[in-house]
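Here subunit A shows up in two complexes: once beside subunit B, once beside subunit C.
For the complex of A and B:
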């Protein structure tokens, strides 16, 4: 069974490498406009990774846009309103993400399942209500003029879309590798055990609450990082960033790609960004088609694209394995 | 402002009226969730669909009453069709596949209504006989809204007797409490569920028709209501009638009074109520027995 798990890990990482190569090729050989899409997909990819880390311990958030917004508003506030350097603002955004997600998590991770979904939604919607009325940030109209990180001293001009897109890809890769390490660590294995059976972990003396809170906090840090780069990309901040449509988008990207596979998130993000672009430029009523595609994915690939691939490969390798071997590959990582 | 007893009483009635509308949707969602662990976000789409059907019926010269009699049946038929064609297929695929599928249905439903009826809100006229106002101890209150409160109460009482005093009700309660045991005893939970689903969508359809004269009919009305209904369901607790009633009342009052006390942060009040409830009761106020322990 161990070998099959190793097998799955290998396949996941191979998909990850293939995705990186595809992103870099796309970045190298495409025009100006595609650079914006690549950056958007990479940032959404980081965001999906933060949601997937949380899913490792069995929690699904429907308010992750709130944590994205924490990073976005801290970054926007510090750079535009206070005139501080963007590098400092990124660090502050991540720290802010840690603090806020820790505080929200104290309440939220006591619940699970549909209740957790609703508590996180509530927290994000409260933030949305504040952002909508905030005079400081221009309320619903939003605030523009948000600067990008200044890397000119080392010869990189991030206002160049090609360089910004490359940086976002790089950042997404770094976060992915980091989470691969986290998921494989004792901490990550404990989170997976909590997802499989929280009461058994508790009975063995595992501190389920503390681990879930830690996962939520780490997830908040990454979401805030994604938020800080999201506003650098659009140079604009508004409460729409925090709306539940954004929480829905990231969740949908993750489900399309395959929850619990890490690499599935960025893959789903790329697919969602491309789909929206293609459909909205081809059809008037493009949500009709987007909805049909969501429905199709849910029916045909309920475990997402990467989940489906892993299941298929697991079945193939099981056919080769000696008969009577206990446990399917799906159970090994479920 | 709230010290004025007339104003206060009027707002209480407004809250009750909104609570009843929430209840009409929440009960279907809650029992479907309780019975099959199914997260059906497309419940709101049925509500919107029924409102459009009602609009069409009145456009064709039918009365409001004709719409109220017919549209919920059309909604239930479409709901069952959706259930057997699409929703049933992800019954065992977990909440996420269900969310993805039903969000897909929401997107498709909204755009289909846009294509058929355009982006602008449509109106459905109140029935003539309820156009006036009733004098309730010195408060002049619109009869139509009073009718809504009455309708909600009737549905609550009918459902109470259906659940507590009929065979089907006993089957539903058994299925919610312990599905495996109920099935072992030879109960076809699948059939019970289809029936419950039909009743739930029928009531969502009733909600759509009666909401139309007050809120109008527009693409996106499904999403507006479904968020509130989901909150009602988690606040009240899954799978129980009493929970759905209590949740609807709490959120109906929180919404109405939130808009008066904190006009800038109306939604905030609702979320605050939910956060408070779930802090002390992580599974809601009155969940069915199976859900009363935290999982």
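For the complex of A and C:
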């Protein structure tokens, strides 16, 4: 039903607005240390959005940290090693993300499912191996002293954690709004059709490969943007940023929040950052607990928190809907 | 003018030869039926025409041009559209969304990423027209996974029609349909414009004999016989091998 579809979009966006309000309230009323967590969650949120855009066409990457790393290393290299202004480095990071993801995508998006997971993982691990040995970037020890964007001319000091956290929230919101636009567009609807039935899209004259490559490239641009801000946040770059742990974290955040819902990613990112903080300060083997929570969510809420909310609200509104409408009665039977 | 032609088309899966030296020509605007027992290679022949399979040897000509090397997407873009024997739809989308997407893909507006889908008014108008053509005008808002099997069959054909093809390949469009739905599909096929070339795989001999200008009988991947319905009806070999003596009287051969 059209109205149900519109309903879902409305609920999704309402959750997004609620999340933004919650983030701004948290930012306004919490202390110095929480600002770091908020910035971390917002940057991870941008990263989850990039993964979710790719998931729209049915592809799940397990090497997305590689694309995050492209942005991170370009930003670190240009600012620290070459002394170029951070603003220029952000643009270069995004462009680099586009170029690298396009090249990796040429190979990767020919596959799907488990093969796609393996190809993306392999590409990221190759990057990790390079970063591990790179003398330029101090190898495994990493490189510090990475500066933040200079917005002092317009009166914003990003070295102030509160202002940096606000900027990251703002950036995450901008990326979210852009992707809301994209998923509702003919291009986004074609991506979702490819997820449902790629061979029929091909039979209707749609170039599935080109659409998937475009989605992978756009996803790479956003991941690289997240990477450029990730290193500004920590002022530090190391190959750990590119490890499969990071690819796993972003996937966990997205699955907890709800894949294919856009807003679910940043929600999952916030939950993951808070959980990590709480668990790591209370337990030694905190990753064990995180794993257990992740397994519970995957089993109990297979469509994530936002997916579960959407289904529940859909069911409630259907009960209220007048009987005999096409679709509603049939769906209620399920 | 010959719209579509196959020359010495061969396809085998391992040692099983499913298409053997098939030479068929389809005139523009003609309605042709491909009939034959199960496993005769009818759907494989369609897959070869639509580009989903590559022949081992032989060639396929579209309006005189060799298209053997084109993939299914390219063939869809030059005007060869097909419906599938098994429903092959977008289950999470409504009927209208399925058809509007097909129209957008055909019109080349699908890559637009800066405007919402609903702003493609012509794709939606066209989607509504195609839905009405197949009798789905009352189910536009229904999600496909909740649709009855018969309605899904109608949508299957509608998706192919939304491509505005020059050649329409229909793979058992009435299979599993109720008698009313079959009658409606029959009317739909007979009502298609005569500029459109239609090739249909069908088991319902009533429809085949009524709709087809020409019939080709496949058997073990080979063209057993081809001709007008009257010629096929009179063919001794077809009666022996496929139709049986009482097939035309009973009106069913499946």
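Here, the second predicted complex is superposed on the first by the 321 of 334 C-alpha atoms of A that agree within 3 Å, B and C clash if a C-alpha of one lies under 4 Å from a C-alpha of the other, contacts with A are read in each partner's own complex, and residues count from 1 in each chain.
Throughout what follows, a contact is a pair of C-beta atoms (placed from the backbone, for glycine too) under 8 Å apart; a residue touches a chain by one contact, two chains touch by 3 or more.
The structure presented is a predicted model; accordingly, all values stated were derived computationally and were not measured.
Peer 1: Overlaying the two complexes on subunit A, which is it for subunit B and subunit C: clash or fit?
Peer 2: On the shared subunit A, the partners fit.
Peer 1: Would you check which partner chain A:110 touches, where first means subunit B only, second means subunit C only, and both and neither mean what they say?
Peer 2: The answer is first: A:110 touches subunit B but not subunit C.
Peer 1: Just checking: does A:15 make contact with subunit B only, subunit C only, both, or neither of them? Give me first, second, both or neither.
Peer 2: neither
Peer 1: One more residue to check, A:244. First (subunit B), second (subunit C), both or neither?
Peer 2: A:244: touches subunit B, not subunit C.
Peer 1: One more residue to check, A:196. First (subunit B), second (subunit C), both or neither?
Peer 2: The answer is second: A:196 touches subunit C but not subunit B.
Peer 1: Applying the document's definition of touch, where does A:126 land relative to subunit B and subunit C: first, second, both, or neither?
Peer 2: Once the two structures are laid over each other on A, A:126 reaches subunit B alone.
Peer 1: Here's one for you: vertex at subunit A, rays to subunit B and subunit C, all C-alpha centres; what's the angle to the nearest 10 degrees?
Peer 2: An angle of 80 degrees, rounded.
Peer 1: Check whether subunit B or subunit C contacts more residues of subunit A in the superposed model.
Peer 2: Looking at subunit A, the partner in contact with more of its residues is B.
Peer 1: Where does A:299 make contact in the superposed view: on subunit B (first), on subunit C (second), on both, or on neither?
Peer 2: In the superposed model, A:299 contacts subunit B only, not subunit C.
Peer 1: Give one of first, second, both or neither to describe whether A:204 is in contact with subunit B, with subunit C, with both, or with none.
Peer 2: second
Peer 1: Quote the smallest CA-to-CA distance from subunit B to subunit C in the superposed model, rounded to whole Å.
Peer 2: For subunit B and subunit C in the superposition, the minimum C-alpha gap reads 11 Å.
Peer 1: For the complex, give me every residue of subunit A touching subunit C.
Peer 2: It comes out as residues 1-5, 181-182, 184-190, 192-193, 196-197, 199-208, 211, 214, 326-327, 330-331.
Peer 1: Which residues of subunit B touch subunit A in the complex?
Peer 2: Against subunit A, subunit B makes touches at 33, 39, 86, 89-90, 93-101, 103-112, 114-115, 227, 230-231, 234, 238, 264-265, 267-268, 271-272, 274-275, 278-279, 282-284, 294-295.
Peer 1: Touching subunit A in the complex: which residues of subunit C?
Peer 2: Going by the criterion above, the answer is residues 50, 52, 71-73, 76-77, 81-82, 84, 88-94, 96-97, 101-102, 104-106, 109-117, 120, 123, 138-139, 141-143, 146-147, 159, 162-163.
Peer 1: Can you check the complex and tell me which residues of subunit A touch subunit B?
Peer 2: Answer in residue numbers: 60, 107, 110-115, 117-119, 121-123, 125-126, 129-130, 133, 198, 244, 248, 251-252, 255-256, 259, 285-288, 290-299, 302-303.
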